[in-house]
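Take a look at this one; I'll ask things after.
Think of it as A, B, C, D and E in the order they're written, each chain with its own count starting at 1.
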């Protein structure tokens, strides 16, 4: 699904990674490891075309765009959870019903918060609104930058099963995480930094 | 060191906690637990006088102000790591030397990044700059909101030993965390939310 | 197209949510204008002479400064990067944001302007011409302003950098429009001015959204 | 006191780091002023008549809009809440920020103003009076503006809300200063005006920092 | 005195008290307004130079007076809220702002209408007019800030601070505007040299002013009561009230 060849990148004179080549196929997980500042976020942004100063080539065999989740919450403080999610998913697909939105919000444990403005939510809740996209979008490629951070313990378990489901239906998953991750499938690891 | 009596707080019509009473003494750790949206951040902000809509009373027997670390990085993108740290610590103490600053930055693993602007740092590195305060300030009360999030594995171990040292010298520690925490001292736990 | 409407709805919803934001450009407009009699002189002849210029400059500033937040908040909370992935071209989204901005700022300004014109002792014909000029001119302001907004988003520079970038581009509009109003005030025919404004509007319609979406991509890859 | 200096150093360092920010108010000031000959009329008599008002209104706007970001970025990255814990009173920090703001905005404006005055055909005496009035007036603008900034920080409203809140409070300064310049231009003695401006400055010195730090605390407890 | 102050400060007791006062106040208000209106518009003599157009004065002047004093009251409420943290004061401030703003607006409009026949223009940059306009802006500022903040408590305190700052500046503004106007005196009209009013004119005017005051208080109380119900909706006594109202 994704082929990366001879990818290298440096940011202000510090070489982050060099001549990186890997592939990710249907149903595979790639965990990008590395300490703080190793270049995980940079790599993921490159894969999604959000950062362009690199050598080498990245190509997706994919019809739809990958789902990207970054460090920033990506939700509007002035919109309610429902409105945010409707908008966020609407960017990719036009066939999502309000009922599905509600269901997704419940699945990320925001039952009762559907109409609360995201500005009035806690750190983790805001992140959950953004994560709820994963239950709705049928893109086969997920690129998630520290999806587990700020999420509580049940939340993490929840998310892992969601990822398992995604892999089971043949999706590909590229993510970073500083916490241990337990998935049903074997986890391919890519270590950045020395 | 800290006495809290009959503390209760609600945010837009949702009761977060009610009639909370606890004390934290020298050399004690209080871990505030609870799911996303349970009210951990709110409680910590109340303890630090950053949020004022509550009933009950909070009193510190403490000469200096507690060290607070919140969800936000708390560093200026346009200042270098050194400048940020100098400024942040200068707010509390006036007797900190450049040498100490450098040492602290090395201890949080930012060797080589002293002069890099924080805007050009990764999520975790930015957080580390803020955490470096803990090595410099001699306030006996630390109030840390998810200090471990976005920090890599070695970083976490590092931080835990730093906390142990703090407790050993009779400091008090109040923190929240979604990751497991291992300290030498027994951890008092306070669970919020149902 | 569906998406274009979705953007429109979202933007208007947000604007409605902080309705203060809706009114601010308007109030700003009024206040700035009423500063001039205080600063210059309250006498009718002088004021009626400077009225078109003053009102138009105020309109320029009101649009431009409200413009600054066009992409800012989307950038801050990261929803701007998500937009670049959308299933339809980014240009459409940008255009949606611009149109909604015009609806929320430009139109009210135009509607209110005659009152202010009268307060500055402009005659009715002048006030009417002013209204028309603003109706034709403000969309141009929004379009051009969007380019500046897209380029400056992400640099935390307050509203001033964008003003510095874009105000020079506004000069032709300003000159045309004020000339038009003065013509109107002297009961001279001003269809020529209107045609020119129309032409500029059409042109900027064409390239501004493209430039703006390019600007957004540039700001994001940093 | 040590801390006051620390704030000053930090603020100036940051301003120097994005030196664009340093120049923007200035350029904004220049551009806005140069819009008037275009919008109103290039004729000398008219311009010299409106010059004091125009320049001062431009100064008002330049200060106010640069003001908007006074606490904003500190709030966004959370360093504002850390400041409230400092070992010395918050008022001191706030005052430090205000002073540095004046140093990077007010002073340059004042220094540049005579040139613009001459461009608008104001005579030398007028230009000199203008310089003095700005030197005395801009600190007041920074002080009052800080109140607005402290109250609106954390609301993502762009620079307009603060303008709406604060511009009315600027009116006395505007009136006094422009009158002073006009007096100067007609070679009338204007020590009276200067004394008044000084009095207002002293007064706002007294209460503005307190109000502003109260505002900061309010904005933070959310 | 003190605990009376605090008891009144409790929304519930204010609600009770106001429900006793309201009928009387509203009655008085209607009486004053009606009699004043009839007296002023029908029986009072026309102005000797302006004729009947001057009768709008009976609306304009009270409105203008109210505009100013309502800002004072609002600011006082703000002070009380900041000093003693009495919730009621916050509610009072929030409710006073729109009313005061509308009175100011009324003063502007009636003034403008009056200006047309007397000065031949809708608007002149006369000292009084200008300072009223600025007063209107101050009101708008408070309202804008109030509505811009989501969190209620901090919104209240912010609005209070702003109102106080405004009140500190109000005299400076009024003075400077007057001075500015006299500076340009030659170039414009003024309201300052008005003929002393005969008693047949100022008595009805006085009645109208009182009527306006009463009306202001009535409107204020009504708004406050609604707001109280809004905020205390989850408390027992409100529940009882509502259920009681329903049956």
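By our rule, contacts are C-beta pairs under 8 Å (C-beta built on N, C-alpha and C of every residue); 3 or more make two chains touch, one makes a residue touch a chain.
Please read these numbers as outputs of a predicted model, since none were measured by experiment.
J.: Which is the least count of steps on a path of touching chains running from chain B to chain C?
T.: Minimal hop count between chain B and chain C: 2.
J.: Would you identify the chain whose Cα-based centre sits farthest away from the centre of chain E?
T.: Here the answer is chain A, farthest from chain E.
J.: Would you identify the chain whose Cα-based centre sits farthest away from the centre of chain C?
T.: Greatest centre separation from chain C goes to chain B.
J.: Based on C-beta pairs in contact, work out which chain pair has the most and send it over.
T.: If you count contacting C-beta pairs, the leading pair is C-D.
J.: Find the geometric centre of each of chain B and chain E from their Cα atoms only, then give the gap between the two centres in Å, rounded to an integer.
T.: Taking the mean C-alpha position of each chain, the two centres sit 49 Å apart.
J.: Compute the distance, rounded to whole Å, between the mean C-alpha positions of chain D and chain E.
T.: 32
J.: I'd like the Å distance between the centres of chain C and chain D, where a centre is the mean of that chain's Cα atoms.
T.: 25
J.: Between chain B and chain D, what is the separation of their C-alpha centroids in Å?
T.: Result: the chain centres lie 37 Å from each other.
J.: Multi-chain contacts only, two chains or more: what residues does chain B have there?
T.: 52-53, 71, 77
J.: Which chain C residues sit where two or more other chains touch them?
T.: In chain C, residues 18, 20-21, 24, 27, 31, 38, 41, 73, 76, 156 touch at least two other chains, as defined above.
J.: Note the residues in chain E that touch 2 or more other chains, in rising order.
T.: 137, 140, 144-145, 148, 150, 153, 177, 180
J.: Going by the contact rule set out above, which residues of chain D touch chain E in the complex?
T.: Counting only chain D, the residues touching chain E are 147, 151-152, 155, 157, 161, 164-165, 167-169, 171-172, 175-176, 179, 200, 207, 211, 214-215, 218-219, 221-222.
J.: For the complex, give me every residue of chain A touching chain B.
T.: 11-12, 34-37, 41, 71, 109, 113, 116, 120-125, 127-128, 146, 149-156, 178-179
J.: In their complex, what parts of chain A are in touch with chain C?
T.: Listed in rising order, the residues of chain A that touch chain C are 48-53, 64-66, 68, 70-79, 83, 87-88, 90-94, 117.
J.: Where on chain E is chain D touching in the complex?
T.: These residues of chain E touch chain D: 134, 137-138, 140-141, 144-145, 148-151, 153-154, 157-158, 161-162, 164-166, 168-169, 172-173, 175-177, 179-180, 183.
J.: Provide the residue numbers of chain C that touch chain E in the complex, in ascending order.
T.: 18-21, 23-24, 27, 30-31, 34, 37-38, 41-44, 47, 118-119, 121
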